[in-house]
C-alpha cells in the first residue's frame, strides 16, 4: 500500500484485514479497539462503535470528516474518533491509526500511569536507542485527552504512540503495513519491559 | 443469532461452534466445561457429561427441562445442569450459558476464594467502571452451590458471572455471541488482574 | 479407537497424529519426547530415536518386543523404551504411552525434584480431589529409573504418570485419545500449580 | 536438505520457509532477525536488510561474498552480514545461520549481559549435560562484535550459538533443518531458565 491517502474501498479493505490479523493475535478483546485510515478526499474511514474488531466487514467501517462528524451515514463512529482526527491533523505524514487493547498494553498502562511514561532503553528492536511512550490518564472525556496529547506534541518531544491508562495503545504510520509494524514493535517492547521488571526483581533480591 | 430462544438444531449448532472456538483458545482442558442454550419450547439444550468440548458434535448435546431432567434421551447431562437452569430461571433475558475452565480462571478462583470476590477497577475494557466477580466455595454439592448463587442474586448486587473455587467461570448473555464476548472479557480482565498482582509486588518492593 | 491393542498400521497412524497435535502445542521441542502403543501381537510400536515428533511419518515408528528388542528392523528405538515396556507390563489396561517434554513439565520437574512429588489439591479438573505426581531423579541409567518407578508401583500408591527431573512427563491410558487427555490434564494442572506458586508468594508478602 | 552447500534457488527457498515458520512462532518481531545459507559457489545467500522476516519472498534474499560484499545486486544486505561470514569461515561444517530476536532471547540477553554467559545445567533437552551460551555486549560496531566472537572461538571453548545484549540469538547448523532445531532448543532452554529463575525465588523466600 502506497504511503498516501487511499479511497474508501481500499481503506475499508485494509482496516478489515488489520482487524483480522490483530484479533488473531489477541490484541482486540471483546469489542475493544478502533482503527482508521486517511481518505484521498480529506475525510477519514473509521470503525463503527462496538463491533468485534477481529471479525469486521466493510459495513463496519464508516466515513467521518476531520471534525469527527459522520458523512453520509447514520452509524455512530468510535467514541474516540477525535483522537484519530488529532493524529491526522498534527502528523500530516500519518495515513493510518491503530488503537489496540492487549493484555500487556493494558497492564503496562496501569503500572506506568503514575510515572506518565515508559522509557525503553537498551533494546535493539527499533532504530531508536531510547524511546519514550507516554501514558495519559483516562479521563474518559475526549477533549481533556486530546488536550493532553496536544500538549505533549507542542512540547516538541518525539511521539510515536501513546498509552491511555487502563485502555491500551494508539500508534500510527505512513500506511497500514507500517502502522501494524509499529503495533507489533510496541507490543514486543512492552512485553520485554514487563518481563525484565519481573525478573530484575529476583536478580536484586535473590541472585542465583 | 437473535436474542431470543432458538430451536434445538440451532442451539446444538451454536454450542458445537462455541466449543470449537473456546477449545482452540485453551479454555476447556480435557473434559472440563459445559454449555447450554434456552430452547423456544421452554426446555434447555445442554452438553452431555464428560465429552471433549473442543470436538463436540450435535450428538453431544441433549435436552433437559427447567428442573434439569433429561427429555427424550437416556444420556446423562452435565453434573452442573442445575446451575444452568438457575440462570435461565433467575435471568429471563439470558438465552445462553457458558462454563469454562481456563488456567487463569482456575488459578484466580483459588487465589480469591477467601476474599469471595474479585473486584475489577480501573480497566476500561467493559463499560462498567467497577465490576465484582464473586468466587463461590466448591462444595461439589449442587444444591449448596445453587443456594449460594441465589443468595447473591437475592441481595440485589449486580451479577454478570461467577467463579467456583478450583473450577472456572459461569457467565451468560442474550445470545451465544454475547455470551462468548462475556467469556472473552472476563478471561482478559482476570489475566490482567493476575499480571498486575505479580507486577505490582515488584513495584512496591523493588522500584526499578 | 477401542480400548484394546491395535495393529501396526493403526498404531503408527495414531502415533503420527498424536505427534502432530502435541508438537503444535509446543510439548515436544527439538527431538525430545517419545510415544508408543501396544500391538495386538503382544509387541510394541514405538518412535524411532531422534526424530522431530511434530513431523512424524509411519516410517518413524518401529516395532520392539516387550524386552525392548527391535523386531524386523535395524532402526534404533528411543533410548527410553524400557520405561514404555515397564508401563505395559505393570498396567495391563494401558495401551498407549506418551512422553512429552513441555516447558511447564520440565521446569516443574526441576522445582519439585527434591520433594520427589507434586501434590495437586483443590483443583476440580480431574475426578480426584488429591493427585500425586512423583518426580524421579534423572540418572540417565534406564535400569535405575525402571527400578525407581517399579518401587513406587510396588508400594501400592496410585500412579497415573510421573516426571523425570529435567526431562518431562510419562503418562498412559487405555487408548491414544485417553492418553492425550491425560497429557492435557497434567499439563494444565502443572501450569496452574506453577502459577499459584508465583502468585501466592505475592499474596503472602504484599497483599493488595 | 543435505548437509552441504546448496544453490541459490534452494537456499532462497529454505530461507523463505524458515522465516515463515519462525515468524509464526513470534521469534522475528517487526523487521528484526536475519538469515543466511552457504552457497555451493562459495558465496552466501542472505536476507535483504529491513524486510518482514515472516513474509519473505525469494526477492528478499540476495548474494554476498565471504567478505560481505553484494554480488550482482544493488540491494543492501543485513547490517550484521559480517557475523554470518565469520560463522561460515570459522565453522566449515556450518551451512546455515539464523539470527532471531524473540522476547525470551532478548530479555535473557539483558539479564545475563553482566555475567557474559548463560550456563544451562540439569536440563535433558539436548545431549550436553552442561551448555554455555555467551552474551556479548552490543557495541553496534560490527568489527568489535566480530572480534569478541572470534576471541571466544580462539579460546577453544565450545560454541553452539551466542546472544547479543538487547538483540537476540545467533545459531547455526549443517543444514537449515538442524539450524531450526538449534533455534528451537535454545528458545526452549532460555524460557525454562527464566521460569526457573522466577520460581526459584519464591521457593527460597516463601516455601509453600
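First chain written, first letter: the chains are A, B, C and D, and each begins at residue 1.
Note that in this section a residue touches a chain if its C-beta (ideal position, glycine included) is under 8 Å from a C-beta of that chain, and two chains touch if they have at least 3 such contacts.
From a predicted model like this one, the values you see are computed outputs, not experimental measurements.
Undergrad: Please state whether the interface between chain B and chain C is built from the same residues or different ones, using more than half shared residue numbers as the mark of same.
TA: Under half shared, hence different.
Undergrad: Can you work out the whole-Å distance between the CA centroids of chain A and chain D?
TA: Averaging C-alpha atoms per chain gives centres 31 Å apart.
Undergrad: Which chain D residues sit where two or more other chains touch them?
TA: 198, 200-201, 205
Undergrad: Chains as vertices, touching pairs as edges: which of line, ring, star, complete or other describes this one?
TA: ring
Undergrad: Sort out for me which residues of chain B touch chain C in the complex.
TA: By the definition above, chain B touches chain C via 29-32, 52, 101, 103, 106-107, 110-111, 138, 140, 164-167, 194, 197-198, 200-201, 204-205.
Undergrad: Which stretch or stretches of chain B touch chain A in the complex?
TA: 122-126, 181, 184-185, 187-188, 191-192, 195-196, 198-203, 205-206, 208
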